[in-house]
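Structures incoming, each one as structure tokens.
First chain A sits with chain B, and in the next complex the same chain sits with chain C.
Entry: the complex of A and B
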């Protein structure tokens, strides 16, 4: 069915709405970029100027000297988020499959409990988590930032992937079962290949979640400079006298760049995955 | 020996009893069709035979072994699903090879078996394609190909043609019958379409509300329907059921008076029928001819060429359908009279059970 049966007025309304929404989402990034290009002397200039002649990429060069471990921080961010994603997916995938296909005691109750976990802000659990990690001797290691990350992201991941797996026709699995395939074989040869777009969607959302929540875990559970992820490392641009805003913004943007690049290539799957099952093929 | 026997198989989903004591014995190399209205439990019964669902009680015996607790693959069956259930990410070759991959057969053997199946089903040039690139009929054949590579003792089909358009369905009916002959295997075929049942089956199981109404050859069901349900389910257009009152019994059979129609002496075993009992007289549309007998006003006339399907209404308000000769001189709005040969009539008692016909055509054994 074609969906472009909008009148001109409706179209204008839709684009205005989208424009407004995008403005809210994108303006902070534009401002970050503008800040990263401006020399410090111009940052607090009044009146506000969108563009000035002294704008340059100087901050992108200086930031590496100001914070020598910057590269390391960016790497740590990606490493921690990737580890969280990989380990979460290893747990989420079979769990989501079990919730989608098997009957077991307390199924509905545990699913509900997963949702309610999301209602606790991570901050509420910081002290218990601290004590737990302390007694496991994991404080000040990568694990201190990876394990809590996994714990907080698994429930949503299971919900997301479960919804996706439920849309794979049950008859495909029954056909495999008729032909003698075990559940694990069927999962590997039939279900997972068909779930790839869903796995990418869930993996991406876990990765984003892992990236976003690093800061809290890093500043609470880790004191080792070399292990800090980028959001915590950015603190070092805050000096005693002044804050190097332009370098900080440049570093933040640089850190996000590799992640953005990956998402750009996955975009096709993301859209396909988010709308999967919405239409019959 | 019957390769497949069902012994008092029942199935309940919670409080709902879906199958009520099914007993069947299916012969070797037989093509048996389960037919019945939607929701009567056909798929459930097939899934129990396959091992996808477990019977609430009863046994499934294949080749003398009780397989009720065995996994599908150990039962010697294979199944073709209504939706084909092809793996969209695998090529036609890998779809057909799937059961063999599960068995971890050597590549050479897989290749030979897939090639043979593809040859039988005329899929050889489609092997590298994905299922999405095939037509409905070709997908259906791939699904069948996947089911034949394992050489099962019993093939199970669940409404395999219901996703195809009418013309293709006719072709596939012929192909499936041919396949059955070539493979000389036992096949159980589920459908709600009585035409498929009549054309393909050696024997038909008519299911209704979870029990077997009748199990017999197509012509047995046509000439000797055991119940009112079977009588109206088999045959196109449906059999007319005209209410009647028993006048008495004599040597010739049962004397009845049709409501709003003539008196007839029908050659059936009267059994327990007594004068004054209410019965239903079953008359197939194709057995009615223009002539003295039942008067009706023609409401709708469908001329199909060879036959003219005439839908009328009797003075009692009873609808009556007659399949008259294609050129019959009738028109909508006419009042006509159709006659029937009493030997062609069926009589059903109040319970829906048939009174045995005495002069029905002799069936070849």
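Entry: the complex of A and C
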């Protein structure tokens, strides 16, 4: 008998537990999908019916006419999150290297200051940010949704990436120094190539943050329809008289599909990556 | 001979230091972009928030009013209700996230066929925009046509349609459920990652000695992943305290203020009525209370870490 052996009863218990857990996690999506298939007449119907004979993918066709900019909103979401991720990584990577490898005055203090940024969620600082963006004439542009997003993703990014860089053997850099390489050369040609797996994991988690949390900045700093990301754009399915729930759900599911598909393939590396970065040996 | 060796090993970094930038300058150069960026987008706005809290600023005008905003805020009974509600919201939601996350991670860590798929399936609430998940929940909570009210009636648990978001108490707990739903996948994945990092020899040794699963979980898994649990709890507490999207989309802080937490109160004061000064006062209150909370927590953390022998 091995340590990982489960009795039949234990197996049933585990699957039952996983089933319950997944049901809680996936219930909203299942219900969104069911709603997207249902004609409005059946949605506004009591008593509640789980399935009806008129279910179809009609809403997935109609939604593009109801909200002509839908494709643009889906793109905006991905564009904003990608820009935030790219710029964040440019800022995070050198800083993480400094904290992982170098000794300098104010090191602990400045790292602590970075981490304390986590306490000031964007919502707390909205007022001056609004005025700042206003005076820079950046309100109602993509930048109004990109710039504030970056600042709040920097601290966690530095922390995660630092964990990775600390694992790269120091001897490789020292060998490069002794061979006469400059600091910048060593960073670019020795450290960065070795850090690629870590950069991917941190980049992915930065992207998740940027993609998941763009609603607040969008509704506060941007009034231009064409620039709205998906979560804010979905409001247009809410009419004066009624809400087109089936089309809104269809649009929401379609909109997150590209990103979900990518994550479905990346998740294995992400879990493995979190293990490597978050766990100290 | 031994002197020679010492000076040799010491000279390698010294050579590097002589060439080009000193270590200090190089490090400062590397962190400069991050420092500048956060100074402009976080530090300056923070100071500006403090300054604005002493004014009656609106969009175009402002004048100094001293402590008037603070007098008004601290003098209103409503404020203390909101503070109490916010801490209750945080405590309940974070405990649920940790407990459900720990159970979820343990289930996902079990070596059963299909676990790779299960791990993938718990990602969506974390990965999709929070606002989109909330639209799903908004519809689930609908009294007339929503799934929960509908199934409740079918199963005989409810007498008639129940509008979950229409009553103070049910709206609050509904928002908690959604907040837990959003936060649990990430907590689970971090716990899972930590569990996989635990040295298997510990389990093998315990197993050879005849320790059962529950005993191994309690005496090996939990102490080994305690640092992760503790840091996750603090991060989660801060995020939950400032959880905005979920409440704003589900209830806008209503009904009759039943789900108004400090962050919602600050936002609505500032951007609902454009009382930027009064909104800033509320934002400062958030920063002060969260700061005190974090300090208290870190203090406890140090003691717990010492107890578990972690550096």
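One rule holds in what follows: the second predicted complex is superposed on the first by the 246 of 281 C-alpha atoms of A that agree within 3 Å, B and C clash if a C-alpha of one lies under 4 Å from a C-alpha of the other, contacts with A are read in each partner's own complex, and residues count from 1 in each chain.
What we mean here is this: a residue touches a chain if its C-beta (ideal position, glycine included) is under 8 Å from a C-beta of that chain, and two chains touch if they have at least 3 such contacts.
In this text, all values refer to a predicted model and were calculated from it rather than measured experimentally.
**Student:** Which partner, chain B or chain C, is in contact with more residues of chain A?
**Tutor:** C
**Student:** Quick one: classify A:193 as touching chain B (first), chain C (second), both or neither.
**Tutor:** first
**Student:** State whether A:174 touches chain B only (first), chain C only (second), both chains, or neither.
**Tutor:** After superposition on chain A, A:174 lies in contact with both partners, chain B and chain C.
**Student:** Per the contact definition in the header, classify A:224: touching chain B only (first), chain C only (second), both, or neither.
**Tutor:** Neither partner.
**Student:** Based on the superposed arrangement, let me know which partner A:47 touches: chain B (first), chain C (second), both, or neither?
**Tutor:** Second partner only, chain C.
**Student:** What residues on chain A does chain C touch that chain B touches too?
**Tutor:** Common to the two interfaces on chain A: residues 174, 177-178, 180.
**Student:** Quick one: in the complex, what on chain A touches chain C?
**Tutor:** Residues 3-4, 6, 11, 14-15, 17-18, 21-22, 24-29, 31-32, 35, 43-48, 77, 90-92, 94-95, 97-99, 102-105, 107, 110, 114, 116-121, 123-129, 131-132, 147-148, 150-152, 154-155, 158, 174, 177-178, 180, 182-183, 208, 211-216, 220, 229-232, 234, 245, 248-249, 252, 255-256, 259-260, 263-264, 267-268, 270-271, 274-275, 278-281 of chain A touch chain C in their complex.
**Student:** For the complex, which residues does chain C have touching chain A?
**Tutor:** Chain C reaches chain A through residues 12-13, 15-16, 19-21, 23-24, 26-31, 33-35, 37-38, 40-42, 44-46, 48-49, 52, 100, 103-104, 107-108, 110-112, 116, 118-133, 135-137, 139-140, 144-147, 149-151, 153-154, 161, 181, 184-185, 189-190, 192-194, 196-197, 203-204, 207, 227-228, 235, 238-239, 242, 244-245, 249, 263, 266-267, 270-271, 276, 279-280, 283, 286-287, 290-291, 294.
**Student:** Can you check the complex and tell me which residues of chain A touch chain B?
**Tutor:** Residues of chain A touching chain B: 169, 171-172, 174-181, 185, 189-190, 193-194.
**Student:** Under the stated contact criterion, what part of chain B meets chain A in this complex?
**Tutor:** Listed in rising order, the residues are 50-52, 71-73, 77-79, 81, 83, 85, 87-89, 98-99, 101-103, 146, 150.
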